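The data blocks that follow each hold one structure.
Both complexes below contain subunit A, partnered by subunit B and then by subunit C.
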Partner chain A sequence: MTLADSLSRPTRRRRPKRRSQWKGLLYIAPAMVLVIMFFILPVLFTFWMSLHKWPLLGVPRFIGLNNYIRMFSDTRFYSALGFTAYYTVIITIAIFALAFPLAIFVERQRKMVGVYRTAIFMPVVVGLASASLLWVWFANVDSGFLNPLLAWLGIVDLKTNFFASFDSAFFIVCLMVVWKVAGFTMIILLTGLQAIPTELGEAARIDGANRWKRFFYVTLPLMRKTMALSLILSVTGSILAFDQFYIMTAGGPQNKMISVVYYIFNQSFVSFNLGYGAAMSLALLVILVLISIFQLWLLRVGEERA
Partner chain B sequence: MKFNKLLAAASLVTFCFAAGAAQAETLQMWVRSGIGASFTKLVEAYNASHEDKIQMTEVPFSELVQKYATAIAGGQAPDALSLDLIYNPAFAAADQLEDLTDWAKALPYFSSLSPSHVKLGTYEDKIYGMPLSVETSVFAWNKDLYKKAGLDPDKAPTTWEEISENAKKIRALGDDTYGFYFSGGGCGGCMIFTFMPLTWGAGADILSEDGKTATLDTPEMRKAVDYYREMVKADVVPPGAASDTGTNFLSITNGKIGQQNLGAFAIGTLVTEHPDIHFGVSLIPSVDGKTSSFAGGDNFVITKGSPRADIAKNFLEYAYSLEGQKVMAKYGSLPTRSDIAAEVLKDLDPRMQVGVDAIAVAKTPYTLQFNDLINSANGPWASFTNAAIFGDDVDAAFATAQEEMQSIIDNAQ
Partner chain C sequence: MTTKKEARARRALFGAGSYHGTGILLAVFFLAPFVITILSSFRHGTEARLPPIPPWPTNGFSLDAYRSLDSFGAGVWQHTLNSAAVAIGTALLTVIVSLLAGYGFSRYRFMFKNALFVLIIATLMIPFQSILTPLFIILAKLGLNNSLIGLTLVYVTLQLPFSVFMMRNAFDAVPKEIEEAARIDGARDLRLLVRVLLPLVLPGIVTVAIFAFLNSWNEFLAALVLLSDNSKFTLPILISAVRAGRLGAIDWGAVQAGVTVMSVPCLFVFLLLQRYYMRGLMAGAVK
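Let's turn to the complex of A and B:
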């Protein structure tokens, strides 16, 4: 909501007429109904649940803010937050580091550019669960092909179990996610790149700007909106990460890979503390909204500076 | 194979609906994975000889509890369930199961049904769960590999020093041959079943008698961990074990594992599906050379208010008949009725008898927090077994798990 408001507000002009306001309301009514039914009401209900000790089976009991108090002293919640933050930073940098060059690579008209675009985008249409399972098999020490490949290259020992230690397991998960998501980020960045009028680049070139200068002073500033979009999508997606850890490492060696959502899932559906899970979900929602506002603010400040 | 069965079951159901069969009803039933084929075969035998049908859905064992609980909460629960018996008290206490007391006590053979199952199925003097399958954990070794390694294939090792030595000799046979296997990647259920007997036999336990204190850090547990650590270090355990969350529990079936602790269900699977693997079975030695076992298995429960409770009872009576017991025993489930046990096992593989003998030395933990403490993939026991056996810091593994177990117990009080 907050996001949509702040994104759309500056471009819309307000009309004074009363009648058209009603008309406008009518137009957004279907969307509003959906948002209220599938977002506002569930959030309110989640809040209501978070005030209870709410077992999956049995009768809920009102306990006020106890779930929130417990949250502040729950070290496992903090370590889940810590891991999620770590993952988000690493994976976002990794995705952008790959997607940006790819976008620039496929932006220019060259031979077989359609093939490249399709090939790079292909993993995006694979489901995250299927992709995770696929990579579990790739990296399996007994039957995968990653071990023989890396052993042949002399990088690791043939009998290295990637999922047995945190760093290598984390690396494999990140590799899978980058493989799966980079194509999507690339497409978004590509649309941003293509929206930049070529005259600007040409003008800069005539003024004597070299390739790097043109990228940093012409392309990048004009890409800001696109970057904001893909950054928010990537960060949000990473903070909500669950499937890959659940499927690929089942929480990782010694529970070192429990993301926040994974922890909420465990509390809600393994330990049956639905109320506590609800409280943490709301905390996560607040964190996400704050991060998104911060990112928008960050990119807007840049706009004024430029 | 499995897919075909599923398809067959599905088309059968569709057929029943399409034909509008008024009398024949279909009972929806869930069963956990990892218990071998005994139950599937029982259902097949029942469906072949009865008008009412059972539709069986297999649910991953590590998720059965939460799936069943969410299904109940969502009003989508199956009519009946083969429930790991250690969860029986929790569901009975939540008042979600059909009271079977009168019907059960009227069974002529009620007194000869597995008493530990009935005990766990009883809550506040009412019976909510009835024994369906019984299994104990045992030690198995591959006789062919023993022979190749120059060991006596008919002599079971009786100490862990011996098992470890044998494992090294088997490992020496070559690249893909390993001496020992266990699912060490945080599979709490596998490890309580196969690893815990090492300390039980020596008199130690991870919980106090009343279940209110975690007593993980005992000399016996340290010793057990050391045996496993030493084998991992000696490279006699496949590297995949460190991240196996139970998927490859039956690794011995690939014929390249020398020794493994497994359950009676696995004996059934080996006998019926891998006849080419020659293996021996004995009781699991404890760290001090005595023996022990984990007595597990499933109770049959009916979801409260199920309209098809009569079919469920009918099915269970079939399971208790000599015919039903024989089908289940053939595929590895030990007899639940002691009065006809001898007759059931008469023509079966003699190795099944070891599973029956194990009952005498076996233990079953009783705690309402079993899932949180032991079975959950992210619970303290699951991560402890991985950290202590594969990790660098054994002391820290003990300390962390001990503390976490105690806090889970305290929070639940």
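Let's turn to the complex of A and C:
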């Protein structure tokens, strides 16, 4: 790239450098204005707000670090963090447990494989809100589809209300998310699988490695980078979960399903403690940036060894 | 000899059978919820509260569910129009802004070029969920709170990291000679960009537009926070209000109709432009 640039420059008619500088900036100006206005500024403003008692109406009052002190002693914030971590672990395992076999299933070019891939991928393109609404009806005890189906299979009683207890409600939410997201993770993993040269598998087979050995000693190590990427996408996505809990369980039985984003939403836009919401947002942001840095580190480690 | 061949053929047949069996089972699991919801939404009003057994309308095809959905908020047309305006507006603006930025980043040299590019991409690391509170206040200061335009601008910003990255790569792939030739023919700047380069980066534009459309059509939390006026609600907000119930009763027929209205456009756009969608996904994954 740079080499090509420096080679082609002498042949090009030299134009006043300053003018072209301005032109370049002009082209990127709209994007920069939007990013500064609706991203950089809000991030800085979050910090500023977090130092204030900031009601929806009326004058904000500077209170220093009080919001942070409150946060560190807020048991509901801790339980939101705990629930989010629990959800993240369970859902990530569930998604991978399904998506990996799916990726292997659709890897080889066979008849109809395109159709199966597309079918599995379809739930990915609808919104999480649509999927939540669909499944909350599906799992409804009086009007849904799941009760008759599972009763017919003899798994549960026809009159089981899934949303009455934490475990069954949590199971339904996870079922919905896995249904919605597995296709996405499958495609990401598929790109990793297809990047592995087939000769490696062949060579291992000739050396006498069986199918499982080939998977564990050839396929998995070569997929580290893809695995890291899809893992991080799944983890960050789950930490930010909101729609499914808001729509499907409204916080769940005994408010046990309040995720971090949900709690921030409640504090900011239901109780209108905007300053406190900002402090917790910043905590969430720090957690996620740390995870992103960890991701970059993980990816780099993968690169060096590959 | 023949028995061996037969055994192999039988094994191949069995393999193909279990392959297609698994495939069909998976396809049913991932598609059935859509099919059942869409079919159920056309049942008679009296059937709406009953389980969808069988899922198709038994008392004749009916639009009752859509009629009752229409009685919520400002009517389903108004809310569909809100969603469409936001989604199409986001797609258009994202294309324009990222086309210009991608061109600028690919073809011009200027101060802090790399730093500014990294700045745009780095916003991917920061979840918008964590800046909703200040966004709410900033939009209010701009007089854009509770407005579809404000929401659209926020959505465009959220799309920019991915889109600018896509468009810069698209321009990088266009040989410089084409531009030189067009320049000699007298085409400059915007005219050069629109007349000569635009057709060459069209696949990138389609990818950017699809993602912008789908993401803004489906987005829930920002719309929930930033829109307070009932008549401004986008579809996801409307249908979640329907699901929350009215006078303690939930109109499941209207929910089925709502889910249908929300998801069919997405499925349609995806099936129509699948190639471009997958390209975008791969670009994101490979990066």
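In the analysis below, the second predicted complex is superposed on the first by the 252 of 306 C-alpha atoms of A that agree within 3 Å, B and C clash if a C-alpha of one lies under 4 Å from a C-alpha of the other, contacts with A are read in each partner's own complex, and residues count from 1 in each chain.
Note that in this section a residue touches a chain if its C-beta (ideal position, glycine included) is under 8 Å from a C-beta of that chain, and two chains touch if they have at least 3 such contacts.
Note that this is a predicted model, so its numbers are computed, not measured.
Contacts of A:127 after superposition on the shared chain: subunit C is touched, whereas subunit B is not. Of the two partner chains placed around the shared chain by superposition, subunit C is the only one that A:288 touches, whereas subunit B remains out of contact. In the superposed model, A:49 lies in contact with subunit C only, and not with subunit B.
Residue contacts after overlaying the shared chain place A:203 against neither subunit B nor subunit C. Subunit A has more of its residues touched by C than by the other of subunit B and subunit C. Of the two partner chains placed by superposition, subunit B and subunit C are both touched by A:140.
Contacts of A:269 after superposition on the shared chain: both subunit B and subunit C are touched. In the superposition on chain A, contact is made by A:35 with subunit C only, not with subunit B.
Judged by the touch definition given at the top, the superposed model places A:21 against subunit C, while subunit B stays out of reach. In the overlay built on the shared chain, the residue A:93 is in contact with neither subunit B nor subunit C. The interface of subunit A with subunit B overlaps its interface with subunit C at residues 140, 142, 250, 269.
The touching residues of subunit C, when paired with subunit A in their complex, are 16, 19-20, 22-23, 26-27, 29-31, 33-34, 36-37, 48-53, 55, 96-98, 100-101, 103-105, 107-111, 113, 116, 119-120, 123, 125-127, 129-138, 153-154, 156-157, 160, 164, 172, 176, 180, 189, 214, 217-221, 224-225, 236, 239-240, 243-244, 250, 252, 255-256, 258-259, 262-263, 266-267, 269-271, 274, 277-278, 281-282, 285-286. Subunit A meets subunit C in the complex at residues 1, 8, 12, 20-28, 30-32, 34-35, 37-43, 45-46, 49, 102, 105, 110-113, 115-116, 118-120, 122-123, 125-130, 133-138, 140, 142-145, 147-148, 179, 183-184, 187-188, 191, 226, 229, 236, 240, 242-243, 246-247, 250, 261, 264-265, 268-269, 274, 277-278, 281-282, 284-285, 288-289, 292.
Here subunit A touches subunit B in the complex through residues 55-58, 140-142, 159-161, 163-164, 169, 249-251, 253-255, 258, 262, 266, 269-272, going by the rule given at the top. In the complex of the two chains, the subunit B residues touching subunit A come out as 65-66, 69-70, 72-73, 91, 94-96, 185-186, 238-240, 242-243, 245, 371-372, 376-378, 383, 386-387, 390-391, 397.
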